[in-house]
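Read through the structure below, which is laid out as C-alpha cells, and then see the notes.
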Amino acid sequence: MAVLAGTGIRKRFGGVEALRGVDISIEEGEVVGLMGDNGAGKSTLMKVLCGAVRPDGGTFTMNGGPVQLRSPRDATAHGIAVVYQDLALVDQRDVATNVFLGREPRRGLVVDRGRMRREARSVLDELSIRIASVRLPVGGLSGGQRQCIAIARAVHQGGRVVLLDEPTAALGPEQQANVLKLITRLKERGTAVIVVSHNVDHVLAVCDRVVVMRAGQVQGVRDARSTNAATIVGLILGDIAADTVVHTEVAS
Amino acid sequence: MSEKSIGRRSLLGGGLSLAATGALAAACSSTTATNSSGGGPLAGKKVIFVVHEKNSFFSPVQKGFEAFGQAMGWNTQFMGPAAFDQSAVVNMMQNAVNAKPDGLILTRIDETSYDGVIKAALAAKIPVILSNVASEGYAKLGVGFVGQKFVPAGVTAGEQILKYIGKHGGRKDGAIIIGKIQAGNSALEQRGAGIRKAVEDHNKANGTSFTTEDLIVGTDEAGAVSKINDRYSRDPASIAGWAGTAFECQFVSTWAKSKNLVGRFANGGFDMTVPVLNGIKDGSVDFTIGQNPYAQGWVAAALLAQQIHPGYPSFTYDTGAEVVDAANVAAVADREAKFA
Amino acid sequence: MTTTIDIATTRDAAPSPLRKLFGAHEFGVLSATLLIFLFCTVFVPNFLTSDNLISVAQQIAFIGIIGTGMTLLVIAGEIDLSVGSQYGFLSVMTAYTLTEMVLPVWLATVLVVGFGALIGLVQGLITTVAKVPSFVVTLAGLAILRGAALLVTDGVPMSGPPNPGFHDLVSGNAIGSLAAQTIWMAAVMLLFGWVLSRTKFGYDVYATGGNMKAATNAGIRAVRVKVLCFALTGALCGLAGVILVGWLGSANPLTGNGFELSVIAAVVVGGASLAGGVGSIVGTLLGALVAGLIGNALVLLGVEGNWQQVATGVLILTAVLINRFIASRQSALR
C-alpha cells in the first residue's frame, strides 16, 4: 500500500494551470525521482505535497486513509518532511542544534543540550553521515555535509516521506556521491523519498521509479532499472508521447 | 598550530594597538598641561570643568577658564558630552570626581539630577563652583554660582523686543514668538518666563494686547529656518516679533533675509555668536543680550582659586545682561573676535 | 565508516576549558576589555580604586540593561534605533505617574514597564506584519517618542517625588558600596543571559536571526519571536527609565539623546552581528564595560573634551578590530 498517494491533483494560478490532474504515489522504502523541464509543475507539486500550497482539486491518502494537507504543519504532523536547498540550516548554530531545529529536547524550561548532542550523533551515525563534531557550526561545513544534516533533520523529526528539492545541485562530485549514498541509506531504513532533480544520471542511480512531468501533467512513469537516460530526456522534452494509463501501471 | 600560540599572537596584536591608543591619549592630554607659568600655592592644581553639552556657546567660557588656569599654572580640563543626555552628563561628572581634582566647575541644569555627584565631590573635599546654569536650590548645597540671573535677563529681553516692535511700525497687538534652540533647559525656560512677564506688564501698563507663544527650533540652521517659515506661513499677519531665549535670532535673520522680510518685525535674543553680531550690523537683528560667558569661565575659576587658597567661601556672581545693539555692536564684535 | 560510539562521544565531548576560552565568540572582546583594564591600571592615575571601579560599574548599568534587550533583538536580526527616545519618554512617564498621578512606585513601575513593552510590540508588529524594515520603523519611533517626551513635559525637566525608599531601591548602596543600579543590571543580564543561551526561546531567537526561512520551515514562529524581542527591549527601556528617575530624582525629556548609539556600540563591540544570529549577553556586558572604562579613563587621564570624542571612536574601532582579528585566528584554528 502506498505510504502517500495523490490523485487528480489540480492547481491553477490565475490563468495558468500549473497542475492538471496529477496522480502520484510512493511506497515505503521507495525512492521516486520527479523530473521535468522548468515550469512543468514539479515545484508546485512539491509545495502541494508539503502543505505549502493548497490544491484546487484532488485527494490524498496515506497508508490508504484519506488525509488533508492544508498547511506545512499538517504535512509535518503526517510525517511528510521537505528539505529545501539552502533554506534549511542556520549557519551560525552547531550541528546538533540544526538537527533539532525548532524541536529541541527540553528538561523543564531548559534545552537539554547533552541529550541533543547524543541523539544528533546517533542520527548521524545511523545515516553514516561523517561530521567531526556535533558542536561545529554548520556554516563552516561543506555543501554535502550541510545537505546531509538537513536531510538528517527531516528524518529525525519523524519524516516517513522525505521530499528533497535538488539535493545534489551546486555540490562537488564527491559530495554528490555522499548525498546519493545517504538517499540509499534512507531507503534501506524504509523511508519514502521523493527527489526533485534535473540530473538524469543521479536520478537513475538512486531512484526506483522516475516520474516525468510536462505542462502540468504526468508525461510518463518509468522503472529506473529498465529505462535509460535517453528515454527520460525524451519524456522531459515531449519527444516521447505521454502515457495515458499512468496510475494503473503504478498499481500493478 | 596550537591555540596557545594563537592566543599569544592576538594578545600581541591587541597590545600594539592599545599602546598606539595610549600614545594618542597622552598626546591629547598634553595639550592642556599648562603648568609652564604661574607659581605659588596654587601652582599645578588640577581643575576640571564639566558642562552639560559641549557646543559653540561654551567656547568663550572655556577660553576664560583656561586663561585663568594658565595664569595660575593649573592643569585644566574642559569637557562635556557632544549631545546632551542627563545620565551621560552625570557619568562624566562622576568620572571627574573620581579623578580627584583640586577643584570642579559644573553646570547644574535641573534641580535634582546633579546633586548626588555634587555632594559626592563635596564629601571628597573637592570644592565645587557652578557656572552658566545653577537651577533653583543650589544655595542649599553650599556652592557658589557664576552666571546670568535668567528671569531678570528675560525681562530685559522682553522690554527690548517691545521697544523694537514700537520702532518697526508700532503695532499694539500680535504674537511675540519665544524661540528655543532646545527643550528641557531650565535656563532657556527661565528667560522665556522673563520675556512673558515683561510682555504682561507692558500690556497692563499700556493697554496693548500682545500675546506670547513658544517655538522650539533646534540648533540646526536648515531645520530652524523651516520651522520659523512654517510658523510664519500659518498666519503671517499675526507676528509682531521674534524673541529668542538663546541665539535663535540668527536663524530668524537668515530666514527674513531670504524672504525679503527684514524690518517687518522685531527680532532679538541672547548670546553673541558671530551670526548674531553680523545680524545686528546689517539690521536683520535688533538686539542681543550678552551674559559674559568669558567671565563664566574666568570668574568661576577665580572663585575656585580663592576657595582653594587661602580658603574664602564662594558666593554668587551675576555676569549680567549686557544689551548689544546697533550703537555698540562694533566694539562688542571686536571683543568677541578675540575668541575666534 | 569505522567509528564506534566511544570515539563518537569523545569527539563531541566539550573542549578543554582553555580551548573553550580561546574558541569562545567573546574571547576577542574579553581580550580587549582586559587589555584596556591593564592599560588603565598601569597608566591611569586614580583608576584602580574601589570607588572608581564601583562608579564605572554603576555607569554602565543603563547601557547594560537596555543593551540586553538590544542584544536579543540584534541576534533575532532586527534593530531598535528608538531605545534612547523610549528610555527618555518612559523616564518622563515614570515621573509623570509618580508626581502627577501620585501612584505608588510599584504600580508606576508596572505601568511604565508595560507601556514600554507595548511600544516595542507596536514597533515589532509594524516591522514584521507590514514588512517595513525595523531600521525605518524605529527611526520614526525615535522621532515620535522624543517628541512625545517633550510634549508631556512642555520641554521642562519633570521632578520625581522625593522618596528615599525608591531612591535606595534603585540606586542606593546594595552590597557594600556597590550601587543598586549595578545589581539591577546584573539581575537583568543573568536572567536574559540564561534565557538566551539555555531556553527554547533563546534557541528560537538565534534561529530566527540566523536564517528566518529555515526557522519558519522548522516550525518556529519567527514573527512572534521578533515581536517578543521588540517588546522585551521596550520593557527594559521602561525599567531603565524607572531606575533613572529613582536615581536622579527627575526626568529630563532629552534623557537618552543619542543613547541608541552607545547601546548598539556595546552590543556590536560585544561580538553581535548586525546581520543577526550571532551575539551574547556576556559579550554585551563586556562591550558596555569597554565603553565605561574608556569614558572613565579619558577623564582620569585629563584628556581634553573634544579629544575624548575622537578617542572614544578610535578605541571602539580598536576593540572591534581586536575582536575581528581574534575571530579570524579562531576560524583558522578550526
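Each chain carries a letter (A, B and C) given by its place in the written order, and its residues are counted from 1.
As a working rule, contacts are C-beta pairs under 8 Å (C-beta built on N, C-alpha and C of every residue); 3 or more make two chains touch, one makes a residue touch a chain.
Predicted model only: the values in this text are computed from it and were never measured.
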Chain pair with the greatest number of C-beta contact pairs: B-C
Most centrally placed chain, judged by C-alpha centres: C
Between chain A and chain C, centroid-to-centroid distance (C-alpha), Å: 43
Inter-chain centre distance, chain A versus chain B - centres from mean C-alpha coordinates, in Å: 71
Chain centre separation in whole Å, for chain C relative to chain B (CA means): 32
Footprint of chain C on chain A - complex, ascending: 72-73, 76, 82, 84, 87-93, 96-97, 101-104, 106, 109-111, 117-118, 121, 125, 128, 130, 132-136, 140, 153
In the complex, chain C residues that touch chain A: 1, 3, 5, 8-9, 11-12, 14-15, 198-200, 202-204, 206-207, 210-211, 213-215, 217-220, 277-278, 331, 334
Residue ranges of chain B in contact with chain C within the complex: 1, 3-4, 6-7, 9-11, 13-15, 17-18, 20-22, 24-26, 28-29, 31-33, 46, 48, 54, 75, 77-88, 90-92, 94-96, 98-100, 109-113, 115-116, 180, 182-184, 186, 189, 214, 216
Sites on chain C touched by chain B in the complex: 18-19, 22-23, 28, 31-32, 35-36, 39, 43, 45-46, 49, 51-52, 55, 58-59, 62, 84, 150, 153, 155-157, 159-160, 244, 247-250, 252-259, 295-311, 314-315, 318, 321-322, 325-326, 329-330, 332-333
